[in-house]
Structure formats: structure tokens, C-alpha cells
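There are two complexes below, and they share chain A, which is joined by chain B in the first and by chain C in the second.
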Partner chain A sequence: MGTLLFLETFMKYDAFSKCHPLVNFLFFVGAIGMSVVIQHPAYLLAGAVTGGIYYLLLNGKKGWKIIAGLLPMFVILTVINPLFNTLGETRLFDLFGRPYTLEALLYGAALASMFVIMMLWFGCYNKVLTSDKFTSLFGNVIPSVSLLLVMVFRMVPNFIRKTRQIIGARKSVGKGAGEAATRREKLSDGMTVVGALTGWALEGSIVTGDSMRARGYGAAKRSSFMIYRMTLTDWTLLAVIAVLFALTVTAAGFGQMTAVFVPDVELAPASWGLAAYTCYLLIPTVLHIKENVQWHISRSKI
Partner chain B sequence: MAHFQIKDLNFSYPTAQGKKSLDGVSLSIEKGEYIVLCGKSGSGKTTLLRQLKSVLAPYGKKSGEILFNGMPMEKVSAWDQSAKIGYVMQDPDDQIVTDKVWHELTFGLESLGCDQKTMRARVAEMACYFGIADWFHKDVANLSGGQKQLLNLASIMAMQPEVLILDEPTSQLDPIAASDFLNTVRKINIELGTTVIITEHRLEDIFPYADRAIVMDAGRVIADDTPRNIGKLLYQQKNDMFAAMPTPIRVFYGAEGEGDCPLTVREGRTWLSRHYSDPKVNALPAKELREKIENPALSLKELWFRYEKDSPDVLRGVSAEIPTGSLYAIVGGNGAGKSTALKAICGICKPYRGKVKVFGKPVEKYKSAELFGGCLAMLPQDPKSLFVKKTVREDLAEMTKDEQKLAEIAAICEIDHLLDSHPYDLSGGEQQRSALAKVLLTNPKLLLLDEPTKGIDNFFKEKLAGILCKLKGQGITIVMVSHDVEFCAKHADWVSMFFDGQILTTDTPRRFFGNNSFYTTAANRMSRHVFSMAVTAEDVVALCNQNREAEV
Partner chain C sequence: MKKSHIATLLVFLLLIPATLFLGTKLPGRSYYITGTLMILELMLPFFMVFEGRKPQARELVVIAVMCAIAIAARVAIPIPNFKAIFAVIIIAGIAFGPESGFMVGAISAFASDFFYQLGPYTPWQMMAYGAGGMLAGFLFAKGRLPKTPWDMTLFGFFAVILWIGPLLDSSHIFLMLTTINWNAAMASLIAGFPMNLTQAISTAVVLLFLGKPLLDKLDRVKVKYGMLEKGDSL
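Up next, the complex of A and B:
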């Protein structure tokens, strides 16, 4: 029971998410950017493992479901590649009169894992860099665009809520598509609801517009409130990210990530580049675990 | 120097064919005053308030002059107007622009181009003053109506305005949230000296505290005086607006009191003690307790419901029997599940346990066309959700092809003159009646109403009561869910208390409110120490008059 509780709280507090959005953003730009170009199996393995762990830390039990869903994707993408790419020394069998080779299959696996890794990191990105963080990040650069985004984010759930309300209201006066409605009736009823919704939204947007102008929208050059502040930890992290990123890129320059699959598998030996890359990707996980452990220790002392 | 000086202001909308919406309005508002602007819907209150802020002023023909701090309004810069004149509107939801509480708080400051340091200080200050700190990081969508309106107020106060204009700010809120909001406004006025100009339906909460009340009718200012004098004046003029005055005032003049008129419940109690301390008649005849109900129009048995599998139960064993041909009111706090109970009755929510019987037949045995065509219908909380066409007439025509029937129902709901207007152009009370007409066109025998008095003024409430009375006369059973204790006390046949997902007690309004000491009407709170079970101003007046006659 104790360990279970420990794991539960383990997921709740993500230290990396509490960092400045700029740190979050730059990290993910680096992680996703590198994951879509590196094909070396050792690096892929590092990417998949670190991405998977962090994804699970963020999502808990639900994370397993998504990862399980990614596996068939991986298999399909892997076996498809040799159908298009017939190069390779080791012929496994013939399919549709074309050779199906081991090297092409391995290459497919590499491409498929690139895709899976990218999905994993994007999943983490979504969880960490929420819409408000994203917009606040660009608020200073382009205030009007960022405001527009914020308003759109607010509009979507509003629309859904109002649609439900209209459908419910129509149902309670016997309007709207019942159980026995034909497709045509359903369609025309849907159109009526959409029409009503548009009218309602327009009416609401007049009020919103008034409320914006009443609070000085357009009266001066807009500034943007930054709710997040760069702390010393953020600057340190940014430096670590920059150094590890530079190391990884340099390693790539030295050819440490060269991986050729067809016609023959040729891989550069693993070296310090791999270590740098792995360390880079482990940043959020390490922060997450470190914070939770510290928290548990300080709590157990009370 | 006056804060606002309005000189002979005339205004007419371009579509009004010369009819003036504001007619020779002259007013002077001093710094730090608390001013209540009252008048029926359509008397020009909103039009006047909007003239006090250029960006919100509607297009139309205007003459006269408005001075703000001695300067003509047109010459006050947009920046100054935004920062110094705060304006809160009716709709809590549509006024909010952004998706996070903290962002909404800073919206005005961002527009004015404030720097980070100022913004940080102001935001922290506002969050503390308004008690927002706990939900500072929340999504706006997760706030209650009252919280949203408080956020709207806070985000305006963050700009440190000199004057605060509020246009029916609490009409969409429940009574508790509304009085919270109004108390905050009063606190701002007293503690910060901000000038407040407010229009409100709920005069009970603000009238006693106002420095001045201004009454408008048909675009003219017909009275401008202290609240006490306004009460007297409206009574002498037999003005319709007298019905909207706080209960103590109505009782005082109803019972032909003399001297200083009481404004608050406390003053009302003192006045009653002085004149009716030992009443000969102390109760009105009460209706008989109900016996067993024969053939109830609606019976609910042990309804249980929750929205999601792991969310808490909203309905926790709701049971009720509603007698045919009665007006049955269900009162209770916000979020107690009253509206959900109505939704469960008409099948929008499906209870996972329990039975709903409509006219003795389980509701699931009805076909949908049979149930909603001539048996059961519900008026939703927001009448706008029923409007789908461009005119009221088209909306009604969606329900029936029978022109005569349409005209008949329109006459009952008193909307014949509004049939060709766009539903959104109507006032709250008119929208409510148009939506009611649409619902009535299904010929319901059982009518469910969800908060029918929300956002409408006293004058329209009486109209609505008249309509409901007519419908009851036609044998329609009405079940109403409401926060409005005054309305329920006056017009319902039965009142039920909804609490904790159940219906706890049911009784006649007199006994129900007469036995409560907090959850009751102002008239009852004012008179309970001398009379028993007097729950409306009319009850108290009747008892006062009977006692005076008995003495003579």
C-alpha cells in the first residue's frame, strides 16, 4: 500500500512543468528536433526509453494505454518499409515478386521508432506546455496574436456547452431529432441548432467586444503580463540544456550518429555523444524524481 | 466640481423614428456618491449609463452635454476613459475575454500598456481584496456565475477607476451570490471612495444604502432624491415602480404609516413593534394541510442520479407527489440539484434508480412525440436556448401551423406586439414570455419551469405571475424551480425545500416560510416577532389593517 501511494503522488507533481515555459519550450524543441533526424539504433533506444519513462510519469496508468496503442503502429510501419524499399543484402523472402530484405526491415524499424519517439515527446509536450504557457511565451513578442489564441481556446468549450444546452432545450419541447428520425430530419435539425448557435455566439461576441473596449482594448500599445518568472533554477537548467545540446550536435558532426541500413548495415560505435544525448533527454525525468524524493524525505521528517 | 455633469441630454436610436430614448436628462453626480438608478425595463437606464462611456455609447442622434470632471466627454482621451470609468455589464460569461483567471485580471492593465512591476503589484492587491487568491490559477470555465461576476469587477478595479458603473450586475446570479457581489460594491464605495452608479432589480439589497435614487420613466428622469423620499413620492404618484420598492417601504405605505419610512428589515421591525406590539389578530387564516393526493400529475419515487460514473450523486433519493392543477415551487440553494431534478423528469438526464410517473404512467413508457406533444414541456433556465429563428413569429411557427392557436397563445403571454422582433432584441422579461409561448404551443398539461424569474424585474414578474395564474385556471399543473423566495411565497400553492439531493419538506408557502427564520422572505423576517406566518408584504399589510380596524 505504501509503495502504491508513493507511486500515486509520484505522478502528481511534475517539477519540470513548474519551470519557466521558455525552458519547457526550448527543451522540447531540442528533444523533438533531434528525435526526427537521428536514426542510430542506440540513440533511438535512448530516446524511446527516456521518452517512455517521462510519458508514464506524467500520465500514470493512462499512459500505458497510449504506449500500448503505439506498439501496433510501430509494427505496421516496420513491416511496410521493405515493401517499398527492396535494397539490402539479406533476402528473407519474395513478396509480390519483389525481394523482402532484412536490412530494409531494420531500416523500417528505425523509421518507425523515430515516429513513435516523436509521438511520445509530443505527448509530453502537450501535458507540460499547456495553452496558457504557450500563449504567455509569445505574449511579449506578438501580444495581439497571443490574445487571439487565448480567445479561441476559450471559445471552443463554450460552444460545446451551448450546443448541449440548445439540444436539451429543444428536446424538452419535443423538438429535435428523436429516436425515429430519418437522416434528413436529423440533418435539418442539426442545421437549425448550428444556426441558433451562430446567432447566440454573435450576440455574445458583441458583449465581449464591448467588454474589451470598455477595458481599454486599443487605447494604448498592449503590454503582456508575464505570470512566469525566470528563476535561478530556470537559468541553470537553460545552461544545462544548451551545453548538452551543443555536445550532441558536435558528436553528430564527428559522425558518431552515422547509421546506414541499406544495402548493408553500418553503424558508428557508441561514444560520448550517446551519453550527452541520453543526459539531455533525462533532464525532465531526473527533475521529476529528484523533487519527489526530496519531498518524501522532508515529509517523513515531520 | 461634479464628477459627472449631464446637461439636457437627448438621445434617439436611428431605428426609433424620432422616439426619444433619453428625453432632456439633466443630472449631477458628485465624487464618491452611491447612486441607484431605477426604472422599468426599457425606461432608458442602460442607454443613459452607456452615454457615460464613449466607447460604449450606441449610435444615434444625440444632443446635450456630458462633462466628466468638468471636461466634455468627447475631449476625455480613450486611455483616460478606460482607466477612470469602469463598466460592469449584465452577462457574467460573455464579458470575460480570456481563459484564465489571472489573465482576465490583467486584461485591462495590458490594454493600458502597464509595465510588469505595476501589473504584478495591482494583480496581487486585487486578488487579495476580492478573495480571488484561491482560484487565481483556475480556468475561467470552472467558476460559478457569482465568481465570474466578481472577477469582472476585480479586473475593472485593477485599473483603479474613479467611477464604477454597473448595469444590472446581479440579474444572472442567485440571491446569495448577488448579495455577496453587492456587498463588495458597497465596500468599494465606502473604503475606496469610488463613485458608484448602479441599476438593479434587487432593490432590497442596495436601496437603503444609496445616497440617492434616480427614477427613470420613458427616457425622462422623474425623480431624483434620497431613497426615503423616493419611496414616498412613488407611493403618492401611484407609480408602477412602487411595486419594486423594498418590502419595509411597501408595508409602511400599505398600512398607511406616518412619519419616517423604514428602509431596512431592522427599521421595519422597530416600526412594527412600536405600532403593533400587541396585535389582536396575529395570523391570517391558513390553508388546510393537504390530505392524500389523488391522481398526482407527477410522482417521483427515490430518484438517484449522477453525471459521471465516479462523480458524486446529484440526486439522492428525490421523492415527491405533485397535485394536479397546482403551482408547485421547489426552492433551495445553488447547486443543490434542483435543475437536475427537472432534467430527470423530462428525460434529459436518466436517473440510474427510481421512478418518474407522469399522470400515473411511467415516463419511459411514453413515446417521445407523445410525451412532449401535449403532455410535458420544460422552459429552460436561459430562454435564449429556445430561440432558433429570426423573429419571434417564425420561432412560434416552428411549433404549430395553426395561426389562430399561435395568436391565442401570444395573447396569453402578452407578446402580440413583439411577434416581428428578433428574439435577441427583447428585454429579459420579454424573452422569458416569448420562450414560454413557444413551450405552451406544445399544449402541455404539465409545465416545468427552471428559474422563470431570473433576470426580470418586479413589474414583469407580476405579469408572469398573472400568466401562470391563467394557465393554472386552464388546469395546467406547473412545477417551478426557483431561488426567488418572494415570488414563491406570493404565488405558489406548495413549496418544497430541496437540499442535499433530496426534497426535505413540503408545505403551503405560509407555513413553509413562516416556520423558517433565515431562508424566508423579507416580509416574514420583518414581521415574525408580532405576526405569525405573514410571508408577503400583502400579508403584513392585511394584518396591520385588520388590527387597526379592530382597535377603532
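Up next, the complex of A and C:
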């Protein structure tokens, strides 16, 4: 029972998500930005493992499914590359009269893992930087666009609910396409529903707009709903992120990440740049685990 | 000169050449990062114009409504692979002009990805959808093209197959290819063609049947409340 509770809390509290949105955002910009440029296999492995661990910590069991879904993508992208890229020393076989080479296959694998890593980090980004954090982060830089986004985020679920209401209302008067309807019927019915939804939504939008104006929208600089403050931890994290990022970029400058696949595989030996990169990517995982271990210890003391 | 014009000039004369130059200096496979940065820089002037205009509350809400309808429409038409999003964006562009058309396209792409899954393709989607709305607004403004159902249908079909679709597929070129050359780029554009054709047909169908009624509703609101008159000039 004890371990079960422990595992549950392990997934629920993500310490990194509790940090200031700016810290979250800059971390992901760095992580995704680096992962799209680096193609050295050692770094790719580091990116895949750290990204995968954090993704699983955030998503729990559901995460395995998504990761399993990424694998076929990986395979397809890997085998496709030699079809376009025929350079390479080791010829495996000929396909459509063009050589299919081992080097190009390896290059394809590197590229496919870059894509998988990117998807993993984007998945983590989705979980951590929720829409409210995004708009609070950019509310001062692009106020109108952020407000637009906030409204869209609110309207979409609202409209989906309204659409279901319209469909239900039409069904109760004997109209609308059922499950067995043909495509044509479904289509024409759908159009009517979208038309009804638009009419309703536009009338409502004018009321909303006028109400906003009556409450003084546009009269003064808009203050934002900002509940995030930069704490000491946030500043420290920001400093750590900056230092590790700078180290990784410097390592790249020294050519530590050079990886050439075609026509011959040439890899730079792994050195301290790899350590810096791995540490950078481990920041959220370490925070997550540290917080949960502390929580577990303080609970077991009671 | 307006602030936004200066910004546009700066973007085209300084920012994009600088990105291209630095992109060639970066080690390894830097197409994706250079391409994404350029896309973001291309969109920058549009957002700056929008912010600089200080849009009124009514205009903001109407744009938000069009974005939300574009995203929510998939619930109303339960046919797999049938997307009404392009049609709604095109209608918004026709009704409110190129600038608002761009905003509706870009924002609905971004918001829709927020609901499903943000990814490396998000900037490309924002640009492609936005460009679609902008083209619609530009071509139908001031009666350049008549707003009849068949004109809209034809425009929708060709806009998706020749403009929005290829722009979306160009993300594959930057994202998936190890070496970018003409043949490989053409191959990925051709690979995307069947998908684009499906989308083009669904867009055309929606525009044929829904274009006119929806446009009438939007025009009615526009005339009734006297909206979006200044933003329409282009």
C-alpha cells in the first residue's frame, strides 16, 4: 500500500511545472532548439532517454502508449532516407536502380530520432506550459493576441457543448443524421449545425464585445492576471539553465558534436559537452524526483 | 512611415538575411531551425500591425469566434478526414479582409495545436493557414472576385491544393529530409498531394453549401454594428 501511494504521488506533483512560466518556457526553447540541430548519436541517446523519462513522469501509464506510437514513425523515417539520399560507401542493395546505403540508413536513424526527441519534448511542453501560463507569459508583450487566444481557448469547449446541444435539439424534432446516415446526409446536416452555431455565436460575440467596452476595455493599459512571481529557486534555475546552455553551445563550437554520416560515418568523441547537455535535459526530471522524495520522506515522518 | 511598416522593412532587409547567413554558419543540419526562425520572422509584421492597430473589443471577439468555429466545426460534421477549418478561415478572410483573415488562420492553427498537440510543425501550420486566409481576403476584397458560391468553391479548391497544402508540406522538407535538393523536395510535395486533394475537396464542398449563408450572416453583423471598416483596406 505504501509503495502504491508513493507511485501515485510520484506522478501527480511535478515540481518543474510549479516554477515560473518564464523558466519553463526558456528551458523548452533551449531543449527543443538544441534537439533540432544536434545529430551526434551520443547526444541523441541522451535526449531520447531524458525526454522519455520526463515524458513518462508527466504522463504515467498513458505515456507508454504515445511512446509506442512514436516507434513506427521512427522506423518509417529511418528506412525512407536512403531512398532520397544515395551517398554512402557501404552499398546494401539496389532499389529502383539506385544504391541503398548503410550510411544513409544510419543518417536516417539519426534524423528519425531527432524527430522523436522533438515530439517527446513538445509533449512535455504541452503538459507543463498550459495555456494559462502561456498567456500570462505573453500578456504584456502581445496583449491583443494573448486576449484573442484566451477567448479562443474558452470558446472552443463552449462551442463544442453548444454544437452537441444543437444536434440534440434537432434530433428531438426528428431531424439530423443518425449513425446509419449516408455521408451526404451527415454532411448536409453538419452544415446546418455549423450555420446555426455561427448565427448564435456571432450574436453572442457582439454582446460580449459591447460588455467588454462598457467595462472599460481599451480605456487604459490592461493589467494581467499574474499569479506567478520569480522566487529564489526560479532565479537559481534560470542561472543553471543559462550556464549549462552556454556550456553546450561552447562544446558545439569546439566541434564536439560533429557527426558526419555520408559518405563515411565520422563521429567526434564524446566529452564534457555531452555531460553538460545531459545535465541540462535532466533539470526537470531531477526537480521532479527530488520534490517527490522529499514529500515521501516528510510524509513517512508523521 | 508607420511603426509597423518600419518593422516590416527591418524584418525583410535585416532579420531574414541575417538568419539565412547565420543558418549557413551553423554546424550540422540547421535547415529546420533556420526555416522555423524565418517563418516566425515572416509572421512578426502581421502580429505587430494587429497589435499596433489596438483592435476594438468587438473586432477581437468576432475574430475569436471565427477561430473557435473553425476548430469546433469538426464536431458538427462527423466524417473522418473531413476538415471544415480551411473553409471557415477562407470565409473569415472574404468577410473581414486580408489582415483579419491572416489572424483567424494563424490563431486557429495555434489554438487547435494547443488542444491536440503542439509540435515542430506548428509554426508552419500558423503560416500556411494564415496565408490562406490572407489570400482569400486579398482576392475577394473590393469586388476583385465576385462573392458567388461557385467562385468561392473554385477558389477554396485551388487555394488548398496550390497554396495552403504545399506550404504545409514544405514543413516536411525542412523537418524530414537529410539533404535538401529539388528532387527530394518535389517528392515530398507529391507525397502530400493525395492528402491535399482530400482537404481541397472538403473545403470546396463546405464553401459551396455553407459559403454564402455564412457570409451573409457575417455581413449582416458587420453592417448592423458597423465593424471592421478601417482594417479592410488593401
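Basically, the second predicted complex is superposed on the first by the 289 of 302 C-alpha atoms of A that agree within 3 Å, B and C clash if a C-alpha of one lies under 4 Å from a C-alpha of the other, contacts with A are read in each partner's own complex, and residues count from 1 in each chain.
We adopt the following convention: a residue touches a chain if its C-beta (ideal position, glycine included) is under 8 Å from a C-beta of that chain, and two chains touch if they have at least 3 such contacts.
All of these numbers come straight from a predicted model, not from anything done at the bench.
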{"item": "Clash or fit (per the criteria above) of chain B with chain C on chain A", "value": "fit"}
{"item": "Greater residue coverage of chain A in the superposed arrangement, chain B or chain C", "value": "C"}
{"item": "Chain B versus chain C as contact partner of A:Phe153, first or second or both or neither", "value": "both"}
{"item": "First, second, both or neither for A:Phe122, with chain B first and chain C second", "value": "second"}
{"item": "Touched partner set for A:Val173, first chain B, second chain C, both or neither", "value": "first"}
{"item": "Which of chain B and chain C A:Met212 touches, first, second, both or neither", "value": "both"}
{"item": "Which superposed partner A:Pro269 touches (first chain B, second chain C, both, neither)", "value": "neither"}
{"item": "Where the C-alpha centre of chain A sits as vertex, the angle toward chain B and chain C in the overlay (nearest 10 degrees)", "value": "70"}
{"item": "Partner chain(s) touched by A:Tyr107 [first = chain B, second = chain C, both, neither]", "value": "second"}
{"item": "Touching partner for A:Gly195 - first (chain B), second (chain C), both, neither", "value": "both"}
{"item": "Contacts of A:Gly33 with chain B and chain C, given as first, second, both or neither", "value": "second"}
{"item": "Partner chain in contact with A:Pro143 - chain B first, chain C second, else both or neither", "value": "both"}
{"item": "Smallest distance from any CA atom of chain C to any CA atom of chain B, in Å, after fitting", "value": "9"}
{"item": "Common interface residues of chain A - those touching chain B in one complex and chain C in the other", "value": "131, 143, 147, 151, 153, 158, 166, 193, 195, 199, 203-205, 208, 210, 212-213, 217-218"}
{"item": "Chain A-facing residues of chain C, complex", "value": "26-30, 32-33, 36, 47, 50-51, 54-65, 67-69, 71-73, 75-79, 82, 84, 103, 107-108, 110-111, 114-115, 117-120, 175-179, 183-184, 187, 205-206, 209-210, 213-214, 217-218, 221, 225"}
{"item": "Of chain A, residues touching chain C in the complex", "value": "32-33, 36-39, 77, 80-81, 84-85, 104, 107-108, 111, 114-115, 118-119, 122-123, 125-126, 131, 134, 142-145, 147-149, 151-153, 155-156, 158-160, 163-164, 166-167, 183, 186-188, 190-191, 193-195, 197-199, 201-206, 208-210, 212-213, 217-218, 252, 255, 257-259, 261-262"}
{"item": "Residues of chain A touching chain B in the complex", "value": "131-132, 143, 147, 150-151, 153-154, 157-158, 162, 165-166, 168-175, 178-179, 192-193, 195-196, 199-200, 203-205, 207-208, 210-227"}
{"item": "Complex contact set, residues of chain B against chain A", "value": "53, 55-56, 77-79, 81-83, 86-87, 89, 91, 93-100, 102-103, 106-116, 119-120, 123, 140-141, 152, 155-156, 159, 343, 346-348, 368-369, 371-373, 377-378, 380, 382, 384-388, 398-399, 424, 438-439, 442, 448"}
